[in-house]
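Working notes, beginning with the structure itself.
Order as written gives the chain letters A, B, C, D, E, F, G and H; numbering starts at 1 within each chain.
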């Protein structure tokens, strides 16, 4: 009916359209899912709360729901050639885990290996330093932080691969719902850091996967 | 004296430290340049106006100055193995050229081939469509736009490689010195777009080069 | 009692007063509706949620309620001379539909033919291009978009009639409740675009209808 | 060279491309002007200060420069069929005249008759009321105001044709360079008002001309 | 216990301390009320919702609660010499009534006569003009408006007495919870207007009463 | 020519129109001055820098220029009945003196006696307390402060007459050109304080004079 | 599991890690608490609402919950050498008590004597002056205020020890959730004032305790 | 004349008044200096540019001018008992040196030993780690950073003494003149950090000196 699913996208961009679940009714999500299904493609829905997920799963029970990441996922087809290497998902505090898991599971949904480095914020730098070598060996890092959002700057000074920085809305007062972390990341003194929207774990992963895929291709 | 040049950086990150010229005196820039020179490395100084550049060139005449991009550059060593492929530098209006050239010349300074697609803003979409195939073949695009900054969203829907979006401060009134374009790019509906600071052509290129290098490596 | 309904308005402006339902109690809305009714005029109430609508309909059951658009409407008198031509209501995503329907139904309430072009956002530009000829033949377009709000700029480059741009509050993080889309539209490089308040589908339609009426008059 | 002049625009939009002079060098403006000239079209350049204008006029002396409006204009071809009716340009204070004249001269450049109603701000409402009948007879009004920007709301309540509201940056302190007037106009209680960017007299006129042309056409 | 009621205030300022009810528990309000009562003074509590008011009235049933204005009031002592003249409370829309009534009842609580002029917003200026003579005869006006907040500017041009302008948070989108109306009032071109906080009907009335008292005194 | 001087104002408001000098050319100011002069009224021009003032004085040498306050003034007619009492002009720091003198001289221009209390900011409260009795005897105070703008709150707790608070743009960093002081004054816990625009010494005085006049009238 | 408790911190910083309770589930808080407990250290959890606290206390009943301050606390080990002197906790209004108690109880949890001076805001300066001598004798003051946040400036002018200023989010309208008080404190004319985040009573106390400890040490 | 120098301050606060030079004329600064001199106290003037300093030094040649820090200083009296220990002044980049030197020289003016650790920003963390032990031994650190301002968070995790964080306005684009660094510091995850205004090196030092003095006293 109303929605014009962009089936073309897989051809143009290498990935099928992902559904942004926030602000959509379960029946809208079901409609779009069925349209994608009809093309025999994987389905990923982001920002779906538990209640909504349950209504949807009643109709399409093959979906897996990841509560912490608020994702619905269904995989019909496997990546045929597994990719080499891994993406590092690095996050500052345990409160950033919703966003970190949204990123990690998105990357996995796209068939990429992920390694998680959580709760390694800059206020206790030794925790990051203890893990830095494994992070350095990733093809790309997604670095997630709320509050003052300083983690990407420090990681950026320690690795040579690209960093996708994801500010989160964790904090209060002069944090202004993530504005503080966002500005920090945009102003980073470290080079090789680019930024996506506040709480956009999906976008962070999508960018990382795109780069990871390049690393796996022969130019 | 005062400055602690980060010679380590080349080892850790694959590139030597680049000098941020804004707010530094010519003699501070000369000091840091000489310290880098002593290590036999290439020197890149960004955001240097003409007057400053001339004072510096009197002392270190081997520097090349690019006025439109406001860059000083000196190359001692060549990349030994030339890289394959190219980066697309795409910009919306002719007023965005300072930033676009900062990006293009930075990438070239790092030994990467660049193709320029200028003045292809969304208000006349046919100009972009006429060039899209050559853009699609790049390993990565740096997409630069001021005013409403909509260009990365449109390019993002047409290519499958990563896009580094650079907002510029071109505009007036409710543009708020580039805030408008910055927000547009952070909120893009298209996937595969990450963002750097307003007017940060250098950062856009640096990220693109990092990705381009990955595309040239065997994982 | 308290309210001074502006019955004069129809004379001065060609339309009776429309009731802004938000922040009004059902009994306030009933009072004003009855005052308008007494003058034998059509009644349109915007921003009425379902619960409020039901209370009101118990008293004045002739009202029709449009849930998605949150509008209450009652038509006593028909436009005598039907107008020629149509208004295009163009929207970027399915999440913008509340605002798009507020616009579409308002225009229809004023007796104007409307054509809907939904879910044609810039991230998949081919969806817009597939519909552009029918849009070009409208007298005026109301173009509605959230997130980065880039759609009016692209449409603006492709049509020669006036565009009323309506930013929506759809988005999160650096979207700042629609500020991002609002700034985008105010800074558009394309000419012929003017802007109304965030989520103001009513205002977008009202402006379009005013222009449409001019197109139907002999100067 | 660098610029891709959008010659197509006249076909698509009914007007040739207008040059945004701010941030362009005289030689860039000359290049683009010559490219337009080669197609035998009228040339309009906005936001050109006196010094720049004089350099340009030395090369292309047929240009007329309007200092108060900061416009350069050259007319090769006349509108063949003169349009009926007029546009009202209404402004609040004498300090808003730069923007008002940018609007008025732009409209005249497009071949439309203009009537000026200046210094009729709301703090002395009798000045507006004394002119209201002549304003009411316009096809469309461009209403320009700085400071608190209340004028469009009052005019909007007194006329039935569309109003394009233009906020100016006149004011100080909590005016925030025109933000105050911009917000006022976006939040207007009066219907039939749409808004363009702060100080965008050109855009205000362009929208008005588009509507005026519709009023002169047979649908 | 915890609170240091400022009994001194009546001496220093001519009015006893008024209790700001928001964010206080019923038992805190009761404590402070009893402390004031012990000094035999009138008690006024602002911003008390219905539920809280009922809990308080169970303990201190002599309080009168005004639901629309969200005020609790108890009068022990009467102003001995009644004051001459009246204050005009002027408001733009029916949605501003909570704030308008907070102002009106506060002034009455301080023993001042009030005349109400509601729903006379600038979009239908004739409604204001129809009442202007009675407004002009007031000693001072409290002018209350949300949305674009233009009413004080227009009233300010028509009366010669002082105006206290009160912005309200009525509106949506680019209204930013009353910021729009606040900025409008601070930037008013009309002289003789001063401003209090958004939704501060109490403060508007307090200032007006202070001035009204001066008008009743012999200097 | 262009300007519609509001000669009516004296009748409606009790004062003639005051000229806002900022952004006006000397010849515009001369034109308006002559129009006012022709009506035999006093002329006050605010925000005129020295250079502009000198050009104007060459044509109309009867003007007195107050450099620190940036005011031009010419008095033809004297207030016939001198008013009793005085206005207190209180300011926090010596850097606020431009605004304080704009206020003081404006009030004097309107024939009102002024007492100055300068450099009595809250960081050394004893300086204020040493003067408080003379301040308390004023009919109204204009309290001017930059930086954190806390002075009106403290004065407000110590006097019973109305206070017009004027924030100044003195400060740096998180002062945001006076925003800090403005917000402080709007949020004051003390009652009886109303606020005008940042740096608006003229407006502060105008409001005070209006109140002072009431204090001198028999109701 | 997920969390990397920073046990090192006590060595590096002299205090064990404190748990930020907001946005953590009870089971996450329990996990971290047990990890700290295993090291035999005191446990402090901030920003825990009642419901959460009760779930946690069911598992770990030795915790004490302070409802007004929203703190959970458990003390295993006592400071062996009691410190001399006290910290002053000064707050402006009774609505600031949540933050004030968060500060007071935090300091006490760290073994420091606290003296409370509540409801002494600047609008009634005599209340502060009545307590100033006891405040002056503290080693350091934590000064807490909402609304306009002027209290630290006044206290800062009266004491010679360091002041940690804590803005609160108490207020409405142009308070912008504590922004007003934050800016006031950052712009204070008084010296010796430094600032922590809005509502950060914990941080205010932590800084004070750090200074108090220095006062108790022999350098 | 106009200024009320706060000679009392030395008694109340332990330091004489420091003159804020910005926005004061040379003759105002001379007046205040002479008033302080008459009391036989040290004089410190902040934010004085070179030109102003030279005018002042012509009259009072005993002043020393520090150009990089923009300070004028004159010492009549020496601290009699030298203090033990030192303050660490830590800064991120060489562009922050104006603020760093304002802090360092202020502290030295107050008779405190200072150790400078410049250009140790987080993007090359090894530079900080190489100096950390000497920093840890300070009584207090003043940590100064522009751009993203992350340095205090990292230092805060490595030392146990109090940190005064000073954001600078170094940066561009989304830095918003230091707002980015300011928010970062206010939101720091590390404890023991309090913040002063953007570019307020003087304030940072003043706070540090106050604490350093406590460390030198016997409680």
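Quick note on the criterion: a contact is a pair of C-beta atoms (placed from the backbone, for glycine too) under 8 Å apart; a residue touches a chain by one contact, two chains touch by 3 or more.
Bear in mind the structure is a predicted one, so any value in this text is a computation, not a measurement.
Q: Which chains contact both subunit A and subunit E?
A: C, G
Q: Based on CA centres, what chain would you say lies at the far end from subunit C?
A: The chain farthest from subunit C, judged by C-alpha centres, is H.
Q: Which pair in E-G, D-E or A-B has the same interface as A-H, with over half of the contact pairs matching by residue number?
A: That interface is repeated by D-E.
Q: Per the centroid of Cα atoms for each chain, what is the distance between subunit F and subunit H, given in Å?
A: So the centroids are 36 Å from each other.
Q: What is the distance in Å between the mean C-alpha positions of subunit E and subunit H?
A: Result: the chain centres lie 46 Å from each other.
Q: Among the residues of subunit A, which are close enough to touch at least two other chains?
A: Within subunit A, residues 123-124, 157-158, 173-175, 179, 182, 186-187, 191, 197 contact more than one other chain.
Q: Identify every two-chain combination in which the chains touch.
A: A-B, A-C, A-G, A-H, B-C, B-D, B-H, C-D, C-E, D-E, D-F, E-F, E-G, F-G, F-H, G-H
Q: Going by the contact rule set out above, which residues of subunit F touch subunit G in the complex?
A: 92-93, 121-125, 147-150, 153-154, 156-158, 171, 173-176, 179-181, 183-191
Q: Of all residues in subunit C, which touch subunit E in the complex?
A: Counting only subunit C, the residues touching subunit E are 2-4, 6, 8-9, 20, 22-24, 28, 32, 167, 169, 177-179, 182, 197-200.
Q: What does subunit E use to touch subunit F in their complex?
A: 12-15, 18, 84-85, 139-140, 157-162, 164, 182, 186-187, 191-197, 203, 206-207, 210-211, 214-217, 219
Q: Can you check the complex and tell me which residues of subunit H touch subunit B?
A: Going through subunit H, the ones touching subunit B are 93-95, 97, 118-120, 123-124, 126-127, 170, 172-175.
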